[in-house]
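Naming follows writing order (A, B, C and D), and every chain is counted from residue 1.
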Amino acid sequence: MTTAVNQAMVEKYKGNFLKEVTDNVEEGSWVKMCMQCGVCSGSCPLGPHWDHPPQELFMMIRANKREEVLSSTSMWMCTSCYNCVARCPRGLPITHIMHGLAHYSKRMGMKPKHQPTEQFGQMFWDNLTKKGRVNELKLGLGLYFKDGFAEGVKVSMGKQKLGLNMMKAKRMSPMEMLGGHGVKDLSGFHAMLKKAEELEAARVGENTDAK
Amino acid sequence: MAKHEYSYYPGCSSQKGASSSNLEKSVETLCEELDIKLNPIPDWNCCGASIGYAGGGELPRMTLSARNLALSEKHHPDQDVVATCAACWLNTREVQERLNHNPTLKAETNIALQSVKLEYKGNKKVRHMVEVLIEDIGYDVLGSKVKKPLEGLKIAGYVGCQTNRPFGIDGESFENPMYLDKMVETLGAEALTKYDKKVACCSGALMFSEPEKGQALVKDIIESAYDSGANMIVTPCPLCQANVEIYQDDINARYKTKFDMPVMYYSQLMDVAFGRSALDAALNGNIIQSKRLREIADK
Amino acid sequence: MTDVVATNQTIIVVGGGISGMTAALEATETGKQVILLEKRPYLGGRVSQLYKYFPKMCHPTCGQEINQRRIKMNQNLTVLTQAEVANISGNTGDYTVSVTLTPRYVNNHCTACGECAKAATTEFDDEFNYNMGKRKGVYLPNAMAFPQHYVIDQRLIGTAEADAAKAACKYGAIDLDQQVETLDLKAGAVIFATGWKPYDANKIQPYGYDRFANVITNVEFERLMDPHGPTGGKLLRPSDGKEAKNVAFIQCAGSRDKNHLAHCSRICCMASLKQTNYVQEKFGDDGKSTIYYIDMRAIDRFDDFYQKVQDNPNVSFIKSKVAKVEEDKASGNPVLHGVDTEGYKRYANQHDLVVLATGMEPSVDFKGFPVKIMVNDEGFIEQDDSNGGIFAAGVASDALDVNRAVQHATAAALRAVQVVNQVAGA
Amino acid sequence: MKIGGYLCTGCGIGDRLDTKSLETVAVREGRIGFCKTHDFLCSQAGVDMIKADMAAEGDEKVTKAVIMACSRRAKTESFHFGATPVARVNLREGVIWIRPEGSEHDETTQEMAADYIRMGCAEAKAMQQADASGEQSKNNHIMVVGGGMTGMTAALEASKAGYYASIIEKADHLGGVMGQLKQRQPERSPYQNPQDTGVAALIAAVEADDKITVYLNSTIAKTAGAPGRFEVDIASTVGTGTHAEFGAIVQATGFTPYDANKLPEFSYGKTPNVVTQLELEALALAAGDGPIKRADGKIVENVVFVQCAGQRSQKEGHLSYCSGHCCATSIKQAMYFKDTNPEIETTVLFDDIRTPGAGGENFYRSAQDKFVTFRKGKVSTVDVKGNDLQVNFKDLILDEDAHMDADLVVLATGMLPNSGTDIDTMKDKDASGEIKVPVTSILNLNYRQGPDVPHLVNGFADSHFICFPYETRRTGIYTAGPVRRPMDAGQAQTDAMGAVMKAIQAIENSASGRAAHPRSGDLSFPTFRKEGCTQCKRCTVECPFGAIDEDEKGYPKYNEARCRRCGTCMGACPVQVISFKNYSIETVGAQLKAVDVPDEFQEKPRILVLACENDAYPALDMAAMKRNESSAFIRVIPVRCLGSTNTIWIKDALGSGYDGVVMMGCKKGADYQCHFVKGSEMAHVRMEKIGDTLSTMNLESERVAVHEVAITDIDRAPKLLDEMVEVINRVGLSPFKF
């Protein structure tokens, strides 16, 4: 379901999606500079799995295909390999734009359903923000159980050998279940993130005010 | 007082009992050998890696690395920040560049940092451990430390993505970096310089969310190593190491391959070549062992 | 000791390529005293290394023959080869240009009989063929070389071979004791027709010019077609000498790219269109060409040429900046990876040979020029009154095709003529 | 007064040939004054020896020289003695470098050398010193036709160089099309914003310049004469006409915008809200610093630019070519909107964005930075929707049919050159439904070959040559700006300067009787023997440069200053009355007759080769430098142009026992490479006719071959000669050996 802010955005930008992206998406102000050479699209390791490669997404943004872009699974295919960034003749930070679009689609409540990377990414964020550092074990288990308990058991059984290997190699520790690593100044850490989130929300919120 | 001191950002996966603790251990050993002191940034936090964007917006993610940098500025004012993890290094360096480039973002970040009574200035040099070895130590010194040349090892140097792009090691090409091969040769092993997957992507964090897609990429990476006659892959990146090493069983199952390719860290090779024990080199930290490397370590 | 008469009514032209020759000739055929400086041992510049011109598919050496005859017949034009500008001082109508002459070790007694070369054995990379072939250390740079005098490679000096060459010459044309000379020449106006150099393809890492034998540049491709070239005019690829019947052209190789040259080099689209004709010329319907492009820039009537090539079923166009080139280990064929942006189609295409349409870079870095002149961010000289009596001609001013470069050089000649006429109080 | 022979024995000539007997050949058979040998003739000593003889007094004075050494392309400067006629006998590249060593070859090689010496001596005898006609005149005044940016620039630059200029402008004011623009694309770094057109400043400068005269409301009623002495009648639509004299002419008559009414699919004409780029300039000027309004007064909020409207298209009535400036112009015009109000939607629908060079690409990036939207799309139609419009197009990237609304559509239509009459067709092209080129004459030249400068393609009066953009087929008349080729303002201004440079050069050359490129400096010029002339007019028709008029009786009237010295007229003349002092029917005829044709029993054929001196001859030369072997039976004579080949030479050759004739000229046809335009083609035509002659002589037609040879044909050219040898082996020796 889409969010209220989504409606506000639609209202505000009246079909000028390029402007909306420029104002609100991380590094979105670069999108206008694309000259459609397609080097990014050809450079992506998971390219074949993109419904719309970056250069095409940029064209769709100019063509005001808001719905199609924000609900696309494409930007969730980004592995952050930076091939596109390194090769782009116009210097677009494409990796960041993909991250930005993905995040924005979430914020607008238009993210694709059951997108594994979206789910894992959220888990990762929750996991790291909880203690300030990632708890790999919980993250891993969380991953396996993301599609419900029964699924999870299946998956984790399948991954048992892997898990044991990792424990043997002392690269996964059951101790992590209890407590595990974290930052000492946790309250400060959380306050910091909260503040940052407020500021960002404010920026978008202020953009949604009627002119 | 050590010859070289740095403000060290270990990152989550290098922690005790974490997925690249063997990198951590082997780097420790390496630093002893080279008289390098790594001072961990007090109370550092996660950098958000490359997958944090789903949950975290731009600014919150910026503040993560900004906090680490601010802590380093405060506690290790005259020391470069050094990271061993590709993602940690990339995020930290990138955040500094982006903040210094974008006044609004920098201002907002500092507002957020007030909650932890820190201020981010952005005057740090953020470096990768490999840069320290190449620029501050140098191949000659590294070579001079070699007690047990790694003869018999045919090594595919797998650089991966984030150690290489968008910044890369100074003076190296994005498409064909040579430093890993040079290191390998310095240690007396054979570098397979024509290995054509050296900068291919291992799928990074998507290995967890899109295992089939990820393993398809890793399969090519290992296959090409075999094709070039390798009996070992070496990498500077923890996520690359994990992705390429630990899923070989799954890949063998899925593709009917017989992969059994050791994937080591450059630091582990150095430890062994410098005469340190298998334990010091954290060889036991690898799921797939290299017999040859062990022989050399144990002899 | 070279002695040259020059006054403040003399026009000095720096660069003996087609732009420089044109500027010099147009001025001198209007009755002006002109000195033409060329750093190579011969005139003709880049175009003398081309096989054919677009869109007429005629031969650059044809125009070069005419221009060289014009030069030979003209008493008011002095040509100095292996000459480079060391310094410039003074102002409009009163410049002093100091010129460094590096020795040729052969004087104008040379009859080009070739006896000296017979006495030489050591071979060096042949610059004229972009190092694709070899030449002797005692050599005539090319068949059209003017002055038609042999050259002795600096690296032979002091060797027995050089002495042998000297001994072989019946005409006292070889002077192994020649030293570097510096001349101070007066001039009223100076024209820089210093032209361009191909962008260094090694820097375009994704295309593997430095790694794959069968990835070459468009200027190298020209040499393969030339009967005087390294393959005697056969279209053979470097790795195995196989006929290159399936050729890929990658446009904007180093141009329109913030990682390389920010500007559009203008000529590369037409050059590739022209070179598809070469493939047809050699192999007829067995010759296939594919052009990978961002925008096809076939400006004004050149578009007619573009349309002709489009009608050729053996030539295909893909709107795509190639992402990377890999090599098929077995065949040595380059494999091009990318996305056809017209409707999002992925490709991994094998070709026999890849030609990089590398762009034009100004061959002289005018930043740090002895006198202050206007240079744009791309490194080209901008016309400005503050440049005084110093003018650019041809590609020193912008990326231009031959026709526009010559047009520009003719205009530059007028600017110089205006200065010296004012000096003369005409 | 005698002819001096100088035989060089250097470069192996002395070793390979019996030079003693060659001296005898020169003196006894060549019948020249003397023949001196020198072992290093091009040395200072050698050259001084020759100069001394030329400086001598009375009978001893050498007035013509035969240099028996290397190719005329080698040591040209050393063997150049001012006006003194010199025949170059090519014993090095022409003989010893193409003949194998070894006694079995010595005889034929020696015969070859001897023949070339006989030929050289004969040529020298037939040559006379060429001097200017003496009818030169100098006129420092340039006529500039057209008072637009190109014309004004031309006049000002000419004045800056110390020459006078008169601008003839048909309108009642200066400025032309550029005067109708608000701004132009940037000329200076960083090339990000439109800049002032500079037209006002140009007009002010022109009016302030006392070397420049301006004729407004004026056209050219008649242009007569030649460089250095053009006679022009200037007609005025308001007052009385004037007569003026000029030294040279720059034609800067610009272009006419393509008639957008031919684009009904874009609703042009159906609504005032579909405009051309030029019409948008008017709206922009009217708006001043305020917002741009449509005809109905509505402020434009959403504008779409349609690139290549009626251009780059094979459709009937469309232009096939690209007008070059339109991409940058649309970018500039989109900025008119964005710079006043960033909220205005501006979309450019293009096929290829063509913004070359440093300036172009920066300007393109700047537009993107200002949120001008670019979409690669092919526009099918523009529909009128109430007061607004809908643009229907195929988005080529998204690969789908798309449409967008607009309240204004700008069509990037092309340029049509104001180049006057197309003298090659002499008819209104529009009759055939093709592009309409204004067909009233611009220059009204009273030349035999028509009133205007010949067109190249698409009606543009451009040069055919890549190396020589100011090559003109009407010496002393140079086109500049969009009449020559589609171009933008910056290029047009550079072009104006180039044209002025050539105009000044034409003035200086005509003042001293020197030829223009490609035979720069040549003082010879054609004359004819009136007694023999049959007034057949072939010379006047065939002259590629329109240099020859006809008098009232139909006799040719030469205009030396227009002539380019190619000799096409000489080749065309059926009664051989046309000649140059140093190049004539005789200078070549005498050479081929001087060859010693062996009787048939010796089985040594003789093949006459006539080779274009600019391409074929250098090709043979470079083949020799590579030591490519050639037949010993060929006798090569370089000609100025194959067009100067008179059939009499062929007849004489065959009649005197030659077994074959090979002619080598440049490529003909649409992409001709003949530097005298039609020379090579004419030769081919004439030689087709020679068939009759051959059959009347009972000779096989294969004995005469005409080839297109390029300067790069170093391997092919000698092969072509071998082919003729084979032909003769097959058909046998000529029966005409006596």
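Keep this in mind: a contact is a pair of C-beta atoms (placed from the backbone, for glycine too) under 8 Å apart; a residue touches a chain by one contact, two chains touch by 3 or more.
Source: prediction; values computed, not measured.
A.B. asks: If I rank A-B and A-C by number of C-beta contact pairs, which comes first?
C.D. replies: A-B
A.B. asks: What chain sits nearest the middle when you go by CA atom centres?
C.D. replies: Ranked by how close its C-alpha centre lies to the overall one, first comes C.
A.B. asks: Just how far, in Å, is the C-alpha centre of chain D from the one of chain B?
C.D. replies: From the centre of chain B to the centre of chain D is 66 Å.
A.B. asks: Could you state the distance in Å from the CA-based centre of chain A to that of chain B?
C.D. replies: Chain centroid spacing, chain A to chain B, equals 23 Å.
A.B. asks: In whole angstrom, what separates the CA-based centres of chain A and chain C?
C.D. replies: 50
A.B. asks: Provide the C-alpha centroid distance between chain B and chain C, rounded to the nearest whole angstrom.
C.D. replies: Each chain reduced to its C-alpha mean, chain B and chain C end up 46 Å apart.
A.B. asks: Spell out, as numbers or ranges, the residues of chain B touching 2 or more other chains.
C.D. replies: Correct list: 174.
A.B. asks: Using the touch rule from the top of the page, what residues of chain D touch 2 or more other chains?
C.D. replies: Within chain D, residues 353, 376, 397-398 contact more than one other chain.
A.B. asks: On chain A, where are the residues touching two or more other chains?
C.D. replies: 35-36, 56, 83, 87, 90
A.B. asks: By the document's touch rule, what are all the touching chain pairs in this structure?
C.D. replies: After working through each pair, the chains in contact turn out to be A-B, A-C, A-D, B-C, C-D.
A.B. asks: Would you pull the chain A residues touching chain C in the complex into a rising list?
C.D. replies: Listed in rising order, the residues of chain A that touch chain C are 35-39, 41-43, 47-48, 52-53, 55-56, 83, 87, 89-91.
A.B. asks: Mind listing the chain A positions that touch chain D in their complex?
C.D. replies: Within the complex, chain A touches chain D at residues 16, 18-19, 32-33, 35-36, 56, 59-60, 62-63, 90.
A.B. asks: In the complex formed with chain A, which residues of chain C make contact?
C.D. replies: Interface residues on chain C, with respect to chain A: 206, 252, 256-260, 294, 319-324, 337-341, 344, 346.
A.B. asks: Given the complex with chain B, which residues does chain A contribute to the contact?
C.D. replies: 26, 45-46, 49, 77, 79-83, 85-87, 95, 99-100, 102-103, 106-107, 116-122, 124-126, 128-129, 132-134, 136, 140, 143, 161-162, 165-166, 168-173, 175-176, 181, 183-185, 188-189, 191-197, 199-200
A.B. asks: Which positions of chain B touch chain A when the two form their complex?
C.D. replies: Chain B residues touching chain A: 12-13, 15-22, 43-46, 48-60, 62-63, 67, 108-109, 111-117, 161-162, 165-166, 174, 200-201, 203-206, 208-210, 213, 217, 242, 246-247, 249-250, 284-287.
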